[in-house]
Amino acid sequence: MTGSIPSEFKENVVRQLADEDLRQALTKSKGHFTGGRQKAKDNLPEFDALRDKARDIKDHTIENLDFYLEAYEKKVLSSGGYVHWASTAKDAQEIVLNICQSVGATSVNKGKSMIGEECDINEALEAAGINAVETDLGEYIIQIRNERPSHIIAPAVHLTKAQVEESFRETHTHLDPKRVLDEPLTLLEEARKVLRKKYFEAEVGITGANFLVAETGSSIIVTNEGNGDLSQLLPRVHIVLASIEKVVPNLEDASTLLRVLARSATGQEFSVYTTVSTGPRRDEDLDGPEEYHVILLDNGRTGMLGTEFQDMLRCIRCGACMNHCPVYQSVGGHAYGWVYPGPMGAVLSPGLLGVDEAGHLPNASTFCGRCEEVCPVHIPLPKLMRHWREREFERHLTPSSYRKGIQLWSFVALRPNLYQWLTSLQMRILGLLGRRRGRFTSIPMAKGWTKYRDLPAPEGKTFQKQWSERS
Amino acid sequence: MKNPRVALFVTCLVDLFRPTVGFASIKLLEEAGCDVVVPRQQTCCGQPAYNSGDKADTISIAKQVIEVFEDYDYTIVPSGSCAGMISKHYPALFEKNSDWLPRANKLSKKTYELVSFLTDVLGIDSVASEFNGTVTYHDACSGLRELSIHDQPRLLLSSMEGLHLRELDDANVCCGFGGTFCVKYADISNRMVETKTQQVVATGADTLLAGDLGCLLNMAGKLQRDGVELNVRHVAEVLAGMTDRPAIGEPGKD
Amino acid sequence: MKNERNNIINNVRKSLGRTGPIDVKRAKELNERINKPTRNLLPSRTDLPKNELINLFQKMAEDVFASVERVKDIDEIPDSLSDYLKRENLPAQVVMAPDPYLDTTPWEKQPLLEIRKGLPEEKDMVSVTSAAIAVAETGTLAMFSGPNHPSTLNFLPETHIVVLPVDRITKNYEDVWDIIRKIPPTEENLVQMPRTVNFITGPSRSGDIEQTLLLGAHGPRRLHIILVESE
């Protein structure tokens, strides 16, 4: 899997900013999701009240998570399903492989699953000689390009149509090379044909889950394509991969969350397919999987529970935050180096990978607050990013020159007389130096600024100096 | 009501880079009937330390600010981000400190950004100053999202005859300043300010305004690096009729 | 494996500051929430009299590119369906759900319409099912899997025709849950969920290629709803 890692964020950024295809793709998608969300919000007067309720539902569930997980498990079992518990990604891989090998699977269909990405399930399957096929169109495209998704809802948002065409031609070598493929519709139809065959080949279908319902032991997925449904209906075995915080108490709670999910994500009132699955097929059913397995994953969630980062567990994976984030919209999702990009990735990744690995992510933010403004469950994302910065500072992970600079500034700021004497001198000098042109094009120690911008010259005498001279 | 006794928190950027904004603030406040005091022992609101994760220094600085400013009727700040720091974030800093929390709360309730103070507290809906030209207005993030500053500057600007306001596309999208972000992640900041300045130029306005000097220095610096002729000023300067001084980044007159 | 489960549950408890399970009193409250759910806030857009509710359903469904046609009663269904197939240049050949309502439809009025009941095969281009319920709030159909309605009929053929008597149109998703809860419970399961409940809102789509909205990603390209106005 080509890609990057979070600790290489700065290098990733340089590369991504220079990528003209990415810039074109991001410009095209800009406004699409944000405009959609605004329209959906305008069409539903209860939208903000529903967000408050959604937050309350998640908070309540998280605070009683052990109870709801046990209640959920009980219902899955009584409906004929199996429940497996995975503490780590490696555990999840092993469980998936065991299930696949128990039915002699040679091919597995995947509905879109971020947990699947998080646990590198495809890599584990391929290493065991099992073919893993992504069925979501965006996921399929990036799979054949050997890339990670760049967005949690729209995995291929970073690609132009031309890039997709190129990948299809390189991969679908059994088709006529002279065929016309420049329209999105032709690309879709080709993907549909290729993947339709694969649906009937797989013995196992793996999906994620947007929600797990304790009342009924059901799993809920939302898709627009219907690929998650075909992945779970046709094969013998359906595996649901879900992290533990996906559970909700009852179907009414799930309905409330579903009302804010699609609207926040794409601006749709409801996803095309919202599917509630409960156990394997019944005796009277004519279709459906014979086995239904749920894998409940921890992988760092219990480590966030009970800490100042607990609010992050409310996340319902809508992607609104990254759609509205000016940093994400500048660098794209791959810069973040792992599964979860944008503001939610900036808070979650350090929680799951450690702040030494993923520390750049919560630092690369201006705290503009747009993410928090649109989050359907009111996660205080900038505040949580700041908490990561505090953790770094305590552990002396902040780069030393920067740390010293901040502490020096604070030292002086705590001594107003010293501050005024120093700044008065400094600004007088800078003011004199800059008077003629009005600005500086380069200043030692301020290269970060002057690389791209001029620095306007200070007026000269500080305000405090002038004020003290007047009184 | 007796004239409110107002303390000006001038902010480090205004103090250091553009005192004109401080004087414009005082003019506006005095014209609105305030007695303005500038406490000497002020330096910084603590945001740089706060956003760098240095909570200890932030708390020390906040205590200093509280001590210096807590006894006035109001503390007024010509910056949405510094006003937001004091009014929205100080109380959280002292959540577990029963001595300082009430003091932080008290100051928080009396601290306002300049323009929204004039309109929302003093009920000002117009200014006497004159201005001729087209302006566009960038909504600085903290002011907009923490303090709901949006309509207030537009109200006062629209009261000025001869001033024509053109709305900026994506006015509420970050300009890429973000305090130390603009130097720590300069490449990303550049892309953001590039997008912003392109939109500013597209309005065809001859003046760019905002309520936060950090944003203004960032945008002015980019415009000037790109050779764009456009006046950049703090909104207080225009409202106070103090546009005879050079705009941000323009050479001084001798 | 039992260990993993207990490890995770214990870690949850530890993180939440508890040494053991939730106390009996709170457990009772939480059980109430699970077994006797109450509705949360519902959108007011569905506070409508029945005929306007039907209009709302139609409008919402058409907004997401389903096609909707109204017929007076069950007798008019066969002609309407055949006309639709002709208009869309589709063969007069459908695979149909073994559904009691569809069984009583007078298909003999269209003798040239080939109907096969059961599971869809690769060659089937059109499937016909009814919908258990429909939700006016967002123009959504709710399908329950069962011997009368294999779920694959909702996904495999390119065109999906849904026959919907208007008395099955309800206001909100919560109405669907209430209907399911009316099914008599067993000892083990208070709520007898169908194996699969498919909420379907328009035909299959994808925006994955430069955000261009395209229909027919994997599921049906066309969703056609025949609204039957009376018995």
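The letters A, B and C name the chains in turn, as written, and every chain counts its residues from 1.
Please note the rule applied: a residue touches a chain if its C-beta (ideal position, glycine included) is under 8 Å from a C-beta of that chain, and two chains touch if they have at least 3 such contacts.
Every value quoted in this text rests on a predicted model; they were computed, and no experiment measured them.
Chains touching both subunit A and subunit B: none.
Here the chain at the heart of the structure, going by C-alpha means, is A. Here the spacing of subunit A and subunit B, counted between their Cα centres, is 33 Å. Taking the mean of the C-alpha atoms as each chain's centre, subunit A and subunit C sit 29 Å apart.
Centre to centre, using the average C-alpha position, subunit B and subunit C are separated by 54 Å.
Residue positions of subunit A touching 2 or more other chains: none. If you check the complex, the residues on subunit A that touch subunit B are 10, 13-14, 17, 326-327, 330-331, 363-370, 372-373, 386, 388-394, 398, 402-403, 406-407, 409-410, 412-414, 416, 419-420, 423, 426-427, 435-439, 441, 446, 448-449, 451-464, 466-468.
Looking at the complex, you find that subunit C touches subunit A at residues 1, 4-5, 7-9, 11-18, 21-22, 26-27, 30-31, 33-35, 37-45, 60, 64, 118-119, 137-140, 145-147, 150-152, 154-156, 172-174, 177, 188-189, 191, 193-212, 214, 216-220.
Note for the complex: subunit A touches subunit C at residues 25, 28-29, 32, 44-46, 49-50, 53, 57, 63-71, 75, 78-79, 83-87, 91, 135-138, 141, 154-157, 159-161, 164, 184-185, 187-189, 191-192, 195-196, 199, 214-216, 218, 224-227, 229-230, 233-234, 244, 249-253, 255-256, 258-259, 266, 268-282, 284-288, 296, 298, 302-303, 305-307.
Those residues of subunit B that touch subunit A in the shared complex are 10, 12, 14-20, 22-23, 38, 40-44, 46, 48-55, 57-58, 60-61, 64, 141-142, 145-146, 172-174, 176-193, 195, 217-218, 220-222, 224-225, 245-246, 248-252, 254.
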